[in-house]
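Taking it in order: structure first as structure tokens, then the write-up.
Chains: A, B, C, D, E and F, in written order; residue numbering restarts at 1 for each.
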Amino acid sequence: MAKTATPLAEETRDRLLAVSTATLTSQLFKRGLRRTFMTGLAPIRSDCARFAGPAFTLRFVPAREDIDTLELLNADDYPQRAAIDAMPEGHVMVMDCRGEMECGPAGDIFVRRLEVRGAAALVVDGAMRDTPEIAAMDFPVHCRGAAAPFVILSHHAVPDFNQVVACGGVAVYPGDIVVGDAEGVVVVPRHLADEVAEAGWEQERMERFIQMKVSVGATLVGTYPPSEAVLAEYRAWVEAGEPGELNR
Amino acid sequence: MAKTATPLAEETRDRLLAVSTATLTSQLFKRGLRRTFMTGLAPIRSDCARFAGPAFTLRFVPAREDIDTLELLNADDYPQRAAIDAMPEGHVMVMDCRGEMECGPAGDIFVRRLEVRGAAALVVDGAMRDTPEIAAMDFPVHCRGAAAPFVILSHHAVPDFNQVVACGGVAVYPGDIVVGDAEGVVVVPRHLADEVAEAGWEQERMERFIQMKVSVGATLVGTYPPSEAVLAEYRAWVEAGEPGELNR
Amino acid sequence: MAKTATPLAEETRDRLLAVSTATLTSQLFKRGLRRTFMTGLAPIRSDCARFAGPAFTLRFVPAREDIDTLELLNADDYPQRAAIDAMPEGHVMVMDCRGEMECGPAGDIFVRRLEVRGAAALVVDGAMRDTPEIAAMDFPVHCRGAAAPFVILSHHAVPDFNQVVACGGVAVYPGDIVVGDAEGVVVVPRHLADEVAEAGWEQERMERFIQMKVSVGATLVGTYPPSEAVLAEYRAWVEAGEPGELNR
Amino acid sequence: MAKTATPLAEETRDRLLAVSTATLTSQLFKRGLRRTFMTGLAPIRSDCARFAGPAFTLRFVPAREDIDTLELLNADDYPQRAAIDAMPEGHVMVMDCRGEMECGPAGDIFVRRLEVRGAAALVVDGAMRDTPEIAAMDFPVHCRGAAAPFVILSHHAVPDFNQVVACGGVAVYPGDIVVGDAEGVVVVPRHLADEVAEAGWEQERMERFIQMKVSVGATLVGTYPPSEAVLAEYRAWVEAGEPGELNR
Amino acid sequence: MAKTATPLAEETRDRLLAVSTATLTSQLFKRGLRRTFMTGLAPIRSDCARFAGPAFTLRFVPAREDIDTLELLNADDYPQRAAIDAMPEGHVMVMDCRGEMECGPAGDIFVRRLEVRGAAALVVDGAMRDTPEIAAMDFPVHCRGAAAPFVILSHHAVPDFNQVVACGGVAVYPGDIVVGDAEGVVVVPRHLADEVAEAGWEQERMERFIQMKVSVGATLVGTYPPSEAVLAEYRAWVEAGEPGELNR
Amino acid sequence: MAKTATPLAEETRDRLLAVSTATLTSQLFKRGLRRTFMTGLAPIRSDCARFAGPAFTLRFVPAREDIDTLELLNADDYPQRAAIDAMPEGHVMVMDCRGEMECGPAGDIFVRRLEVRGAAALVVDGAMRDTPEIAAMDFPVHCRGAAAPFVILSHHAVPDFNQVVACGGVAVYPGDIVVGDAEGVVVVPRHLADEVAEAGWEQERMERFIQMKVSVGATLVGTYPPSEAVLAEYRAWVEAGEPGELNR
């Protein structure tokens, strides 16, 4: 069901890491995509929130005592454990925990393993445990909050991985490009990633210019969105090498 | 992942249709199963709420404009449409719509088709549309409420069917026995169905006796749970053919 | 902590059963009482919702596996079981279950015992189980909804009874007069019951007159609230024996 | 701000009263309108829920003790009271109470006045009081639930009327056509009313035909949405006078 | 509808900036005002949360595709853009977004313009976008959280400005004095501002004294609220020039 | 109802202060206790969140204007004020405010008094006021958020103290050991405290070892949970004095 997942170009990744999730949702909205930003998630550390990479998904369902036995969970091929070794470097693990806040599906050892495996980030539609320890790592984790109780056996089971899931009200297909910053997480369809990264980068350059105009007193009317005159001024500013001060 | 699904014996089905979901959750709790009753669902018609049958599941994720095009949705093999023809007679269709209340994943034509196909019931973790028309049919539908807007294209997509899903906070594995009454819906693991149906039927016979005792003035202490003396009295009552009046 | 609880006069009870909870909240608001109506509760049967009687309270806390053992629960003096026999006739049992919806603290046998004991009603800040069976009885039960799972051992414990509790956001002191109708439940302080019953009865007589005026075309301005002229007309109508047709 | 409000044609009103809100949301979605169905509202009586008429809006804000004095509220020109006399016959009063459930902005006398004034319905984004009495009238009221406490002075104030408001997550402009049935309430922009009524009526005729096909065993694939062959069959059925039995 | 808005005295503003919102709600409660603190809002930066100034309000309703076209939104006199230029210096922009969390009604360029215009703060009953960028500015913004998606066209429309609105469950009349600190936002009616600022300042001086007493071991009984003896001690402390150490 | 409360051993307290709440919930789950972590609470300051001590509980019910008069509240023996002086040193005050967020039951003076009295922490199932001032103290307070309005008279009353209460969905018996860290708060039954502290301390030593293994590339399979080989390696590491680098 996922679109073909050609590797993400270095330049695209760099641009996605440089533009905000707000800009990306605007670019996606222009292309007809309305539900792209995950509602209700936040980074554990706002100063360690930026990431961009292809999605690798994990699906959780409520636990069942007759099925989710200790034997099953400790099996080497249990999906949650198997997934982490199947996930290629640079990917973002996305866990669909259906928004449950009473327990955390993973803790600091799991996050350390993700980090060692070269993962880009962890995104959880639910709570995380060991959040104080995770806050001390330099690895971006976005989730709905903190909950100490462990989940396996009592709350969650993992039936499969790398299927399309829902996270924060957004569909995530394996291979979609997931991007995060301190505001939250946005999902970019794989086939739009290059185009949206480029257009987002352009939009932010323009907005930097508009910010400079507004900072020195320009009214929003005429400036944001820009009039033809302001657009011409902008193009001149770009050609002039984007000087830090406006020539008033 | 689902346990083997031998056909449900006629006697088991009859007993499950005769006992309440309250009794079944008690029997399952005794066997170590804690999350078996779907929270937040109710029948559209309280006088058309009873059913029992194996689960046939449908999973929904949020729609995505670049994937869920009209072409895809109108394809003959679109999972939601394909599922209804793949579902064997007597089964219960369980739709995991993640609790979304802004739209309904199905309406009266879909329900009519389920009825014609010999389905036992429809259970939806979300809203339904055409609820006034469905209330006029004699087919049990349990859901979270009513919402007129249709979902395909704007809200939901159906990536697959007959996978384990979550519904009302409970895991549903294809083939699990789903039972409903006016109180709500309970999930009985397939391999426990015979045992639980039998034990539930016994429990309700005992509770009918206790109700008769309490109705004529017995205190709860000693009667509920029953003392040894009351148990003896009960056994005598059963042997006497369960007379409608107690011999005081 | 409860005010002295002199028996409720027959006339007061009759009047409380005749006026609506809407009228009673207005009368209590006039006397400075703002939080008197229970938010979120509804009768299981809207045609079996009316009651009035002194409160007898039961407090629930979350269950704890090391304390709430089967032995404790089956003891004859376990508070939930003891309370029902300690409760005087004509009282209303009020259960503070902290709004929990995942399980029901009582079912049909418990309600039958309440009925046999001459209780006036059962009011539950949470769900009830066996609601289809209870809907077939003629005993008023107000609660937040239906949930089949039983609670003792897994969810709730009962540490004491006849203490002040919270129910639907309202304080309930033992002996307070609790009144219900199809709209919901209101708590009347014991010492205000006679006065509020009388004033409410008067208010409704006036509102019947206003309804008649409005039904034949009177504007709200001048009529509701009534002008001096309408008040005079009202007094004449009362003196004339409250005729069914207005003398226009 | 409202579009010009030419009177609603008799034929349009009749058709809107005959089609379901589910059909209307589909027709509006086809014309690019996504947020048209009010989420969370339900009729007080499901058998007295149908209506169609132009919106007449009332806006509520939280009460303020220094402004919303008894004097102000009893003034003849207080907006809530003035509005009811300013509202033309056949209109639907829409009250934006911001979803508040702790009190009701109006009760049975207000509803009686609406009925006498020839209003089509009352739609409230919040609770209503006197719901048992209103359930005994033959006047459609849709709201979020019941709450006995009155609101003026303690909860709500009415700063103005006939301004654009929000109700159930939908914008309502004065003059918009508001339509209700047992499922809920939909808002139809005035300038689309004729077109949508006509198209909705056509859609439901087609769906009646599809229902008949499905009832006798047609698969959803090919029938719903209809294939070219089924469309031809449908047109023949219409030309044949829509016979009650299908010619198989 | 707003009370006359004489300019806010420098001294009053200074005192409002020096007392906490907790103290102000207490002072307003003493004067009969109960709903004055906005529930659910928090500053984007707790170290940039203090402000005081007259309210300038903006009202949002759900967007409608047939009305809120790109042409309308880009018009020079669109209310959201017009409002920012109409707002006098030192005012607080209050946006009633009905608590919606799926999108942000404004971002960093809008906030920069507010800052350049000399606004005192921005208060939003909903989410904000560009929150990481806003967190880097020195301008107080209080809201419900972060959401990257832009709203105009898809979610919100702005029908008018400087009307009474609701924000965090509190009525805000244009010209009301809005005060914020790290705890949240309180609304002070314009005509009470001087009095409440003065009394709040007095209250906090007394509480500083009580804090000193409690810090060296005074019991709450007798000290908080203060007995006559403690009051006398307090007055002596004030006369002595409020020394930093208590004379024990 | 509470288990006997022998004083907490110094060593147990030290160990509880050294292990995480995540570890403690795991240890309690192993001993059959499922509901031990308070859902929805967080520390006001994440860097001042650690504490461990016996519970001293305070119960709140909604205020009632005819009972909770100013005279009662100012009485020297009002439970909230009396409790603080009755509470032994080193205890944790637990306030059951039923999750109410509209007001705070206590502020900075109350917290200062707790600190002076040698309390270990304050845990509130509701909001706190004066949170900016409390954030400047070095005293751990966990709650649901901030709300400036004071509660007594308008919202809460305190009927008793040191009874079993509910807090964050967990039962708290007086004398239970309450432990907090930046993740939240866990309740340890008094009689399990020594055992759980010891086992938790052991578990964390093992997890430090596993973290080291994972940090240098060990897969989760075989390492977490540890295989027999890894367990042997772990025991060797312990015997070697827990060296900071693994001998690979």
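As a convention for this text, contacts are C-beta pairs under 8 Å (C-beta built on N, C-alpha and C of every residue); 3 or more make two chains touch, one makes a residue touch a chain.
All values reported here derive from a predicted model rather than from experimental measurement.
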Intersection of the contact lists for subunit B and subunit E: A, D
Interface composition of copies subunit B and subunit D: same or different, split at half: different
Duplicate of the D-E contact set - from A-F, C-F or E-F, the pair where over half of the pairs recur: C-F
Far-end chain from subunit B, centres as C-alpha averages: E
Chain whose Cα centroid lies at the greatest distance from that of subunit A: C
Distance between the centres, which are taken as Cα means, of subunit B and subunit A, whole angstrom: 37
Euclidean distance of C-alpha centroids - subunit C vs subunit E, Å: 40
Whole-Å gap separating subunit A and subunit E, where each centre is the average of the chain's CA atoms: 33
Multi-chain contact residues (two or more partners), subunit A: 34
Topology of the chain contact graph, where touching chains are joined (line, ring, star, complete, other): other
Contacting chain pairs - touch in the sense defined above: A-B, A-E, A-F, B-C, B-D, C-D, C-F, D-E, E-F
Residues of subunit F defined as touching subunit C within the complex: 1, 3, 31-35, 61-67, 98, 157, 159-160, 163-166, 169-171, 173, 189, 191-192
Subunit D to subunit C touching residues, read off their complex: 74, 76, 81-82, 84-85, 101-102, 104, 107-110, 112-113, 116, 129-133, 135, 145-150, 154
Subunit F partner contacts - residues on subunit E that touch it in the complex: 20-22, 24-26, 29, 34, 36-37, 39-40, 42, 46, 49, 181-184, 186, 207, 210-211, 214-217, 219-222, 224-225
